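In the two complexes that follow, chain A is the common piece, with chain B as its partner first and chain C second.
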Partner chain A sequence: MEPPAEMIHWLFAMLLLVLGLCLLSEAIVGREVWQARPWRKYLWPGLAFGMGIVMWPVMTFFTNSAIHMYAHGSWAEVLMLAGGAELGLVRGRLKSRWWRLTMPLAFVVTGTAFIVHEQNAWYFARSAFLHHLLGWTFLVAAVIPLGMTFRPRSMTLQSAFALTFVVLAAMLFCDRDLAPVFGHLSPLAGVPHR
Partner chain B sequence: MRRVLFVTALAALVVPGSAWAHATLRSTTPPFGHELQLTPHRVAFHFDQIVKVLPGGIEVLNDKGVNFAGTATVNGQNMSAPVKKLPAGAYTVRWRAISADSHVVSGVWTFGVRVPAPAVNDAYGAGGPTAQEDVVRWVWFLSIALAIGTLAFRLICLRGVAVPQALDRKLAVTAGAGVVVALQAGIAAFSLRAEDALQLPFGRFLYGDLSPMAATRFGYAFVVMTLGYAVVLALIYLAWLVDRQTFLYPALVLALVLVSGFSLSGHDAVDQGSSWLSELADWVHIGAASLWIGGLVAMVGVAWRGAPQLRGIAFRRFSELATVSIVLVLAAGIYLSFVRLPHFHDLWTVGYGQVLLVKIGLVCAALAWGGVHKFFVARVLERGASEGVMARVGRSLAGEMLVGVAVLLVAAILVDSRPPAQPAKTPAAAALGR
Partner chain C sequence: MSSTYVRSLRAEHARSRRAFVISLLGPVTIAAGAVWAIVQPYRLTLLHPLHQGFWWLVIEPQLLVALAGVFFALVVARPLLADLAEREE
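After this line comes the complex of A and B, so read on.
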């Protein structure tokens, strides 16, 4: 039996939150202190790579529409790519800083997939509203990892990058189909789930 | 204690309650793919959110396209339509509705009245495999062969050899690229199969319900192969990241086991005369062909130029691997030809046989070419060869490789073709068979 779809949103929200908190900790205490224990440097890139692997079952088990399948598939691929590139960089197997461009690429692909797979503009339905908000947040926030490609030691960019994941996690935790937004729910949106 | 608290906090974050998200068809009456003894009074759908009905939103079609459904009505999350009395036969249900999020969602499924329900890809209106599907399946075969062959080449042909780091990296990239392309080709093949069953324009297909297709043998194979090859990709990446070839062994075994998805979802699973033995033979056939052709691509495309000092040992060891693979390919292929073609003349009188004949011709050409390499070129290399000879051997191996790639193209067409029907057993023969 497949789990309710919202559980999957929350699973990924939790993983994004942990990822964001790891990055925030690193930004606060500094890279040297954070990497005092060697395994910590693999923590968030490994988490991103693992999220990519976990996204594949989501793609294959949620085939209620083709566009959802494609969106989940694209997220699985860019998460594995960006996480894998970061793992290669911290391990020293990849040398070029241009590999860091995989992260802004992942943000752009993810944001586009969020917006495209939620085509309706029913902002009174929380899911539609949040899908658009998530999509545009990813697209706009892509400039942060892009900036980090050129200024990887910038404290401001590191903090902004970490907080982006925390904010995205909060949005994903709020995501549900027919809950009201700003206290208003159109009767067209059907019956609230609770 | 701190670890327990950490895990508990994570679990609490994941499970704050439960709710549903995207509009989904939850159940139907009659269920997908059932054989009924009586005509159903209504065809009914239950969704997880409110839907609106569209004119002609439900059709119940027989094999001639006659619609037996009345006007569709909706009541909250339920949509249904009355059905006229149905004669015995196979039926296709096509439906569409507006979901609460404004999307037009559509789907198709099948049932039978006093006959088994047809597979959803044999629904009324479905056109069957196209040239597009053949090409996608070819790319799927080719990419999986590339992944399997490259892994086998690294683990078997270069075992115990000091492999330069650059070559190791190229082999990892080649195997990884094979898996990545295989994942895309799998998604494309599943989409094309679903598109054919749904018979929708692309814009509406994007909101089409693919779950009946996912519940077919092809769908199960797609799910298992996609998940399995994602793990294979992760293992190949980890092997490269931590520089440990140990991870490649489970990757190769898993990749070879997953090839059985083609056998379990193809003709061997459903056609008359099929058995567990024919499915096993098909798996051996595809797996051994992948080792042979994919290994050849890895040797010619990556190792021949990437590590000239390893050409001799790579050639000799690959020659042994290819011999074993070819024996398996031939043994399984000959057995399958006898199973699928009831008469010898089917080879030139039936479409399936004609495609098989082309494949046999190409395999013979590849075998002859491979034989020249094994029995003549190997001796030349043992005596030591100049750079010019080596370059010519490389080009010759590339030629054999291209024939192998062509064999896979014909195999892809063959998989999408239907073998001729098996002759009905006479009562006497049936008794003997028992």
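After this line comes the complex of A and C, so read on.
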């Protein structure tokens, strides 16, 4: 008995919200205070890595076409890569700042996968609209982690990065398997649940 | 007033402002979930549980938002505020 796909989106939205709040806190208090306790410095990179791991069962059980499977599989890979790289950086095993480029890479791959795997037009249904919106948000927002590669201490970039996750979480919480968007719902989509 | 004293006062204000913002993040998130539940009560299936399946009763988006806020407030914000206060002393 599997939960509906929209609930998986909400669970990931919750994790993204926690991730965003952690990043925002780090931006507010500064890296030194944030890393005062050893467990805390691994918190958000570990969360990102963990989200990559749980994306694999999502890929296995919640994809209904090859393009869905490729999209979710690529998210799992880039999330684990970006989270793992950040874990290596905070641990000190990785030294080069170029490892931070894994995060904009994850954003670009995620955004592209969102747009490519949504086969319907923007106003087909709410889920189609949100998939397009999420994809373009990820693609545009990729400039923020890219900027952080060169200016990792910038509070503006850190805050923008954190708020990006909060906005993405809000979008995912709006997702429904079958619901209208701004009054539009294609008759081909079916009948809404509620 | 000496400039050193003014500088230390400003730094103290900045720290207390930061502590205030951190302490607000969790409750604001919980409030967002509560407001959502009030605005769209029909989405909270616990309020009308008849004929609902297991998952619809367990996973409620408004409660997930509030849960994220509770987790953040208790697990992240509380020790973070303690560390921030320790730095102030």
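As a convention for this text, the second predicted complex is superposed on the first by the 184 of 194 C-alpha atoms of A that agree within 3 Å, B and C clash if a C-alpha of one lies under 4 Å from a C-alpha of the other, contacts with A are read in each partner's own complex, and residues count from 1 in each chain.
Here is the rule we use: contacts are C-beta pairs under 8 Å (C-beta built on N, C-alpha and C of every residue); 3 or more make two chains touch, one makes a residue touch a chain.
Note that the coordinates shown come from a computational prediction; the quantities given were computed from them, not determined experimentally.
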| item | value |
| --- | --- |
| First, second, both or neither for A:7, with chain B first and chain C second | both |
| Touching partner for A:38 - first (chain B), second (chain C), both, neither | neither |
| Larger contact residue set on chain A - chain B or chain C | B |
| Which superposed partner A:57 touches (first chain B, second chain C, both, neither) | first |
| Contacts of A:128 with chain B and chain C, given as first, second, both or neither | first |
| Partner chain in contact with A:67 - chain B first, chain C second, else both or neither | first |
| Chain B versus chain C as contact partner of A:29, first or second or both or neither | second |
| Which superposed partner A:21 touches (first chain B, second chain C, both, neither) | second |
| Residues of chain A that lie at the interface with chain B and also at the interface with chain C | 4, 7, 10-11, 13-14, 17-18, 173, 194 |
| Chain C residues within the chain A interface of the complex | 18, 21-22, 25-26, 29, 42-43, 54-55, 59, 61, 64-65, 67-68, 71-72, 76-77, 79-80, 83-84, 86-87 |
| Chain A partner contacts - residues on chain B that touch it in the complex | 10, 13-25, 49-50, 76, 100-103, 105, 180, 183, 187, 191, 194, 205-211, 213-214, 219, 222-223, 226-227, 230-231, 233-234, 237, 240-243 |
| Of all residues in chain A, those that touch chain C in their complex | 1, 3-4, 7, 10-11, 13-14, 17-18, 21-22, 24-25, 28-29, 33-34, 36-37, 40, 43, 173, 194 |
| Residue numbers on chain A that touch chain B, as the complex places them | 4-7, 9-11, 13-14, 17-18, 49, 53, 56-57, 59-70, 73, 76-77, 80, 84, 87-88, 91, 93, 118-120, 122, 125, 127-128, 173, 175-178, 188-191, 193-194 |
